[in-house]
């Protein structure tokens, strides 16, 4: 007897053990300190673009978990178009990390990707038990999202080269905290074996 | 001392006492029974289009609370474009109730507009204490949303001529239930004085 | 690789496919209409006491999902003691349905057992996929809880003889609604095969 | 037109601008490292007991936000009785910080006091806009709760002498993080003017 209602409200996406979350990478960076953050974010974006390609090959779905920046009347498409415009500070990030048609989107109104969003439900429908958290900023939105992921009993991977913060020191502290308290795997993306992250069996929550 | 953080994560929309919610009106109706539902929905849509214009004049914001129909990889813009295509059964609804640029969107994954969405937070930022619930279907998604609105201590208005269900009888039962249990005002939209719905003072939750 | 953290915050209860929920049965009934509700509730309580015993034999856990009746400063023990006092209108209910030491408790502040409570998480840790909903009142708190259970993809059983409402007619309407919209099994408890409700395999949400 | 339903489900507690939260102080400390944590917690408890008395005089309600330590079948009364027993390691804490009859309780199943609990709703009914966070441990449950309070636009006060962690260094890092990211006031309790924390006017969220 399947637990899932099979009406139109429950049409479930494909199963996945692991999901790659890109946090706040579609971002115009048009705020105080945005320039300094861009300096930290650019090398991160190059690493993350590679990780995203590898994830796609491994059958791991990508979910953009992105702030709506208070633009409650727009959607992700509008936000993306804005960030791809010439002259926008965050344009190089959006360019490198541009979503593809099989990626998922979750607009978040606050720091954690789980707060007042559909992310928890989406991950459950995807049967995800491990999340790879990446993006901006390591010491705020990535950290808040990681805390919430931990309370939901998800395994957490935060590749150290795929998160960036305004202050490198704060980025490092956040990684240490996530490793110590949240048992996060913080090895750089280059050391990650994506296939090994998948569950051996059909074990579940 | 303001309670709200004024950083980019809390940029709040304008204050409003009342919000008009359009539930699942952007809908291709391409499912069993969709034809019969269209018959019920067409006269409703005409009434609702008028109510939406009146709400705009009264300064009452409109929020589209719409199912994503399992299309977790698309957004509201894509869904709207699909529903506006020629030949799509729900096209006349989408045409009459097409969103404008100052309307708000909330994509819901399940029946209630409050479940796993940002609606609760959006209403709180808008300082809404009364919701006018309209759309499809009166006995399912409107009813589920109304129940959740009631638990959040919101005043509920469900204009009888602005909701439709597959079976007129079920629509009527749902209205009676919302009136009796949820203390909903179910007068037809033509009898509603929108300005009177606004709070006299700054009283709040 | 287990998804669950095994620290003290995640000490999980035993697995169960099915849970029996007793809603608002620990209730002093000291409100307008409480007398009339008691008349409806007494025969229900006798049936429910039997069902609870059968559930225990079948290894199905019982969860008391009970209103705190605005007594935010007390807990379930205090509420129970109050309802067991002589002269309290709801005493015969509390007497027949007195919790045992291996039962679970969830205090709910509003109508649905899922709203602002730990119920969702408890059911997930218990690996429950089917809920048997019983208690008071069929047309309000049981109905609200059933709606929320449905959105969480749980199978719903509402034995018609184990729910009561102030008005028998409203009880009947609620049962019809839950059967039609929520696909609930509303056979009387005497017709329920509790062992058959359990999942054949380890299939899950 | 009041937004609040005045039925038995909405009986609201008194208004308060500020609430004092005691996190995980009713705790047997019977786990690895519990001894070392007790060393840190004892001086904290003395300061906190004084702060609690001052809060009572200032009309600020106290809320015990306490882990259920996986004992899903017990309640706060049972947990308290256990922690007050002779020979239990956390007995001196429970003794000094023993709840009184006008205190509030929230049982939390996970690290943050807001996750899967009624805390958010209770604070809203109490009209709280500032929370004073205290207890155990500064770098885990206090920090998780503070993050969630911040996302709910609450002002955060974490008196440095009223939180303790296993490692003093981690306690200090957590305080610095809460001050920097969450704009928390981390002055010691002795420097806090409780009356000044109250809102000057009736301004609200």
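Order as written gives the chain letters A, B, C and D; numbering starts at 1 within each chain.
Assume contacts are C-beta pairs under 8 Å (C-beta built on N, C-alpha and C of every residue); 3 or more make two chains touch, one makes a residue touch a chain.
Note that this is a predicted model, so its numbers are computed, not measured.
Q: Over half of the interface residue numbers used by both chain A and chain D, so same, or under half, so different?
A: same
Q: Can you name the chain that lies farthest from chain C, using the mean of each chain's Cα atoms as its centre?
A: Comparing chain centres, A lies farthest from chain C.
Q: Approximately how many whole Å separate the CA-defined centres of chain A and chain C?
A: 38
Q: Taking each chain's centre as the mean position of its Cα atoms, how many Å separate chain C from chain D?
A: Distance between chain centres: 30 Å.
Q: Identify all positions of chain A at which a residue touches two or more other chains, and write them in rising order.
A: In chain A, residues 10, 110-111, 150 touch at least two other chains, as defined above.
Q: Which residues of chain C touch chain B in the complex?
A: Against chain B, the touching part of chain C is residues 110-112, 115, 139-140, 144, 147-148, 150-151, 170, 173, 177, 180-181.
Q: Under the stated contact criterion, what part of chain D meets chain C in this complex?
A: 8-13, 31, 67, 69-70, 72-73, 75-78, 101-105, 107, 109-111, 116-118, 120-122, 125
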